[in-house]
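For reference, chains read A, B, C, D and E in written order, and residue numbers begin at 1 within each chain.
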Amino acid sequence: ADQKSSITVAAAANLKNSFSEMGKAFTAKTGIDVTFVFGSTGELTQQVKNGAPVDLFAAADTKSITGLAGEDLIDKDSVKNYAQGSIVLVPSKSAKFQVKYLGDLKNKDVKIIAIANPETAPYGKAAQDALVAAGIWDKIKDKVVFAKNIDETLTYVKTGNADAAIVAKSLVYGSDQKYYEYKAWNQLYKPIVQALGVVKASENHESAVKFANFVTSADGQKIMKNFGYEIP
Amino acid sequence: MTDLDFRPLLLSLKVSTLATFFIILIGTPIGFVLARAKFKGKSILDSLFTLPLVLPPTVLGYYLLVAIGRQSPLGKLLENQFGINLVFTWQAAVIAAFFTSFPLLVRSAKAAFAAIDPNMENAARTLGRSELSIFFTVTIPLAWKGLMAGVVLAFARALGDFGTTMMVAGNIPGKTQTMPIAIYDAVIAGNTGQANVLVLVMTLTAIIIIIVLNTVEQKY
Amino acid sequence: MLHVQIQKKFAGFQLDVGFTVSSGVTALFGPSGSGKSVTLKSISGLLAPDQGEISLHDTVLFSSREGINVPPQKRRIGYLFQNYALFPHLNVAENIVYGIRHLPKEEQQEKRTKLIQMMQLHGQEKKKPGEISGGQQQRVALARTLATDPQLILLDEPFSALDSAVKSSLRAELLDILEAKNIPAIIVTHDLNEAYSMSDHITIIEMGRIMQSDNKWNIINAPANIAVAELTRAKNIFSGTIAKQEEMEKTGVNTSWGTFFLTPSSPFTPGKTIHFFIRPHHIQVFDPEEKHLPEENILEGTVTNIISHIDSHTLYLKKTSGPADDVVFVKVNDDLFDKLNLAKNSRVCCYFPPDCIGVIG
Amino acid sequence: MTDLDFRPLLLSLKVSTLATFFIILIGTPIGFVLARAKFKGKSILDSLFTLPLVLPPTVLGYYLLVAIGRQSPLGKLLENQFGINLVFTWQAAVIAAFFTSFPLLVRSAKAAFAAIDPNMENAARTLGRSELSIFFTVTIPLAWKGLMAGVVLAFARALGDFGTTMMVAGNIPGKTQTMPIAIYDAVIAGNTGQANVLVLVMTLTAIIIIIVLNTVEQKY
Amino acid sequence: MLHVQIQKKFAGFQLDVGFTVSSGVTALFGPSGSGKSVTLKSISGLLAPDQGEISLHDTVLFSSREGINVPPQKRRIGYLFQNYALFPHLNVAENIVYGIRHLPKEEQQEKRTKLIQMMQLHGQEKKKPGEISGGQQQRVALARTLATDPQLILLDEPFSALDSAVKSSLRAELLDILEAKNIPAIIVTHDLNEAYSMSDHITIIEMGRIMQSDNKWNIINAPANIAVAELTRAKNIFSGTIAKQEEMEKTGVNTSWGTFFLTPSSPFTPGKTIHFFIRPHHIQVFDPEEKHLPEENILEGTVTNIISHIDSHTLYLKKTSGPADDVVFVKVNDDLFDKLNLAKNSRVCCYFPPDCIGVIG
């Protein structure tokens, strides 16, 4: 009983706000404590691969989870898509030119545009895909700076060093940060579907499954919605 | 002002003190050998000891993770024999701090030992003292200032390590979340106020410790 | 009893020495760079010779043949370093007891007190080496060495930084201690007077070779070669060829300064080239007007320079007809100096008593 | 084996060489003053110079970003007057490497200068040489070994800096992507093979440079 | 012309000296720890005194009153350090020209060649200080100082590490150079003979105070106080009270060794306590059986110890009825020593010639 009373969850950085809520609700319901390890999906993948003692891994994509499942490090049966994220355009308060549309990024007063590193962060990949699809990537790519993860991307606009950034909606949804999003962008990049899975080596398998189920339950999905995610 | 969580500070102090302790224990003799012994390949060995400084901390952390993780021979041994998993424990943070910081002590120690007049040790030899006791009563005191400079550097670096610790020990509040990680979280989360408070606490702590170490430096 | 027979090569310097030291004090005397410190270091074990053997009281300390090299710690040989090598982080008292830390506390204390007394270091116990004067530093180094009761003491110029008042009393005391404890010692020194008055035996080294190792009387009066004569400040060295022997009792030598006669019994074949010397204080000086001069071994000259000492004066004499650069040194005492009213450019007559003329080799 | 992009390596070498150059230029006199001058608050100043080592690199980077960024007085001045923007340029990477590494040189230099026998400089004074020329002809050569130890440390640290550079210079392939950032990307993207190749190249480069610096260390 | 009048305080040591140095060589003579090096450092500007004034040839170098403190670079005062302070990273030639780098290359080279010649350093030019012997190091330091043509040279024990052969020639050469260039010099030395033979003027310092600063003859023959007498190895110092004057020509002093008579003209009031001394070589020794002994100033004693020098012997005499510990030192030359057949426990008679007795103060 004692063992079941606590689990450790590795969660992608974009989940920082939403999963903190999730944890509270889950503990209230089940009495099981949850500890979170936040990091970029890439870093967390490496940690899980090398036996970090986490019970569940919630990534910012599906690829990482299915990859780990393929290596038999994550329980195949437990893999679930639990949220779908989207990207938004964030102007810097201090920017000379306030962007509203992707096309505004071409403006000569927009000197620096921040996105997350497409190689390591799913949200960065989505941002790049969208800009390519919109046909403006080649015109602005010299103004683009890659941040390590989606968190640091936002820091660049917040400190006014980037004139605009493309970040995960969940990071700005409900905050006083101004941002823009349009339905039409959905066609520009593959949906950012986020998957989770229970770690094979977990000693708290049962509790981990409980948490996974809670995230995909109606209660859990409501919390995700509250933070700006779509339900997959 | 937010209610301050002192656990990261205490953890950081524990981790960096222990790491520095092991660094002194292992790095001092290595520095001595590098300063005194003459053997083939010394120069390469010497530069190998500096490598941890050259690798990006996260990458160093990655290699450590691979080396001590569950999939590694060491990790398997520990898990099967003692049921221990090092990854994501505060002990892992000590290991991370150890590897990032020990080049600093080794180099300082090497320079300090090389500067000693060999006649000092020769005099002690003719007075009949054993090599070991000469090392502790003559060599170490004469190298003291340089050694302490290395200790200060190593301790400071251990206190500030972020990337390596993050990789092998994770970021588990109350368990492996050290001060640098807490500060990083606060900065990135945009809690500038909290971040500044944490940085202030960290800075004051570091200044006090460095001043204390500087005083110890004056011992000889 | 110490036997040394070693070789050691450095770039541009080759040491190849062999000598024996019995009880008592041996002075190792030689010019700077001759290999004195290297020899001492080899004996103490701080430096391994390339070849040879060192043994002390029948214990082999080093032998290249048998592959023996006893570490310095086990040799029980005290060493006083030329630059003291005091531990700068320890105070005077701590330096002194450094080598006897294994003894009971009271015994350490007793020795320390005795040595501080002997070395006149009262009140300096708590000072660091950097805070005491050069002479005091040297005395601390001496005390530190003596504390360990060594079987042999090596002293590398132990008195060079001392002031003369302390020096003469320390010399006498050191000799007393060595004699009382029956510790043989080798003293390296540049000071011939010191070598002579402190030792029984003098070993002369030059350019890595032993020139002569003998009792001190022989070193001074029967130098084995010109190098020894020069090093022992024989000062006036002449070379010449043995003259035809006119009478049985006299051996004449023809030199560029004239002919000089040695003691009657000198057995040299005529025509042989020899070197001989006379020390400045053995030359007798007369007023040139003096009537009753000896008939032989007389040299007339002009005083070109005078160096005054406390109780005597050294005259630099040049012979008008002599070789341009050569000088004869003559030492005269105060009384005679005043009596003859000597000054620069005075003319004097010198007599070389035959029994004061030493033959070299 | 992937086709190797040499730009990160060349950039890293350029950045860390320049940073080390400025560190030597500024850190050496600071180390000298800390070793010799006597003034109030020296101990605090001393520990302040060690702070960059204690702060997590990313946090140091954050503060630098705020300090030299476009919203800072300095940043505004540069942008308005000269149309220059420092952040996200390779110059910013030099600044980042400078700040992370300069404590290493300052500490080593301080220890090296403190160990010099003051009579050496006194002798030079009585020989009529100016204080400046004494500094270069006597003080520096006598402190050489310790200084070079500091230079090796600082250079290695500058070469390996990741967090700070990442924060102020960003990750712009071909422009600000240094070797550590490229390695990080490869590791985190799971390209273990490419990562190992990069680490190998980086390691060999570092070893060569350290061996060269070790040789220079023997100069005096 | 150098005027020094300075005070400097250290923990446990207070320097308070005043003296004047004219042309020629002045010896600063005193026991270790007396403040010689501190005085030299103050003159050279390496150490700022707390108070006072230093001037050289009418230029004020230091004045606490006027707030003047000329930096050492501008003083043109050469300094030879006690521990040489050679630059370990420069070779011998580079060390020598260190202070003349501003001169044209040929001039540097010329000076260097001349100095290497003078200091007998041929073949050592490319060596580092750590690779040459102690004596060679000292000569390099001397050459380095001389290269800068200083107005005044301060030498802190310049000859202590030299071997006697090199020493005497270097001494003579140094004096020649100083005289030729007319450079005044202050030589710190522990060696009284060196002080006497190298200098015109001797300044005696003890415990931070000048005891006497005078021409060398007065220092030796008319010491101002007991400290000076002891430091100049007067050796045999007696204290006594002036006896009632029986005859006009004689002044008698009653001491624990008996009554001694000074020179006729000594003007002392009876009952006054005075100190007087006689140097060991001034004491005349006789066989106790000798018939024609002087009637006064005779002392009988037993030889308790003998120290042999190259041309003489020092006897330690004890008077059976004298104070238990007191010893009279007598120096006899070889000839007399042999003639009287002296050995330990010999009994001898000594005569103190009145004109050789010096009164202290």
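Note that in this section contacts are C-beta pairs under 8 Å (C-beta built on N, C-alpha and C of every residue); 3 or more make two chains touch, one makes a residue touch a chain.
For clarity, every value in this text was computed on a predicted model and none was experimentally measured.
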item: Neighbouring chains common to subunit C and subunit E, by label; value: none
item: Most extensive contact between chains (C-beta pair count); value: B-D
item: Mean-CA-position distance for subunit D and subunit C (Å); value: 58
item: Subunit A-subunit D separation of Cα centroids, rounded to whole Å; value: 35
item: Length of the line joining the C-alpha centres of subunit A and subunit E, rounded to whole Å; value: 89
item: Per-residue multi-chain contacts in subunit E, two or more chains; value: 83
item: Two or more partner chains touched - positions in subunit D; value: 58, 62, 184, 187-188
item: Interface hub residues of subunit A, defined as touching at least two other chains; value: 43, 46, 152, 155
item: Touching chain combinations (by label order); value: A-B, A-D, B-C, B-D, C-E, D-E
item: Parts of subunit C lying in touch with subunit E, wherever the complex brings them together; value: 30-34, 37, 82-83, 132-136, 157, 160-168, 172, 190-193, 196-197, 220, 230-231, 233, 279, 281, 307-311
item: Contact footprint of subunit B on subunit D as seen in their complex; value: 43-44, 46-48, 50-51, 53-59, 62-63, 103-104, 107-108, 110-112, 114-115, 145-146, 149, 152-153, 156-157, 159-163, 180-181, 183-184, 187-188, 195, 199, 202-203, 206-207, 210-211, 214
item: In the complex, subunit E residues that touch subunit D; value: 41, 44-46, 71-73, 75-79, 81, 83, 85-90, 98-99, 101, 144-145, 148
item: Subunit B residues within the subunit C interface of the complex; value: 117, 119-120, 122-131, 133, 137-138, 141-142, 144, 220
item: Contacting residues of subunit A [partner subunit B, same complex]; value: 8, 10, 16, 35, 37-39, 43, 46-47, 49-54, 151-152, 154-155, 158, 201
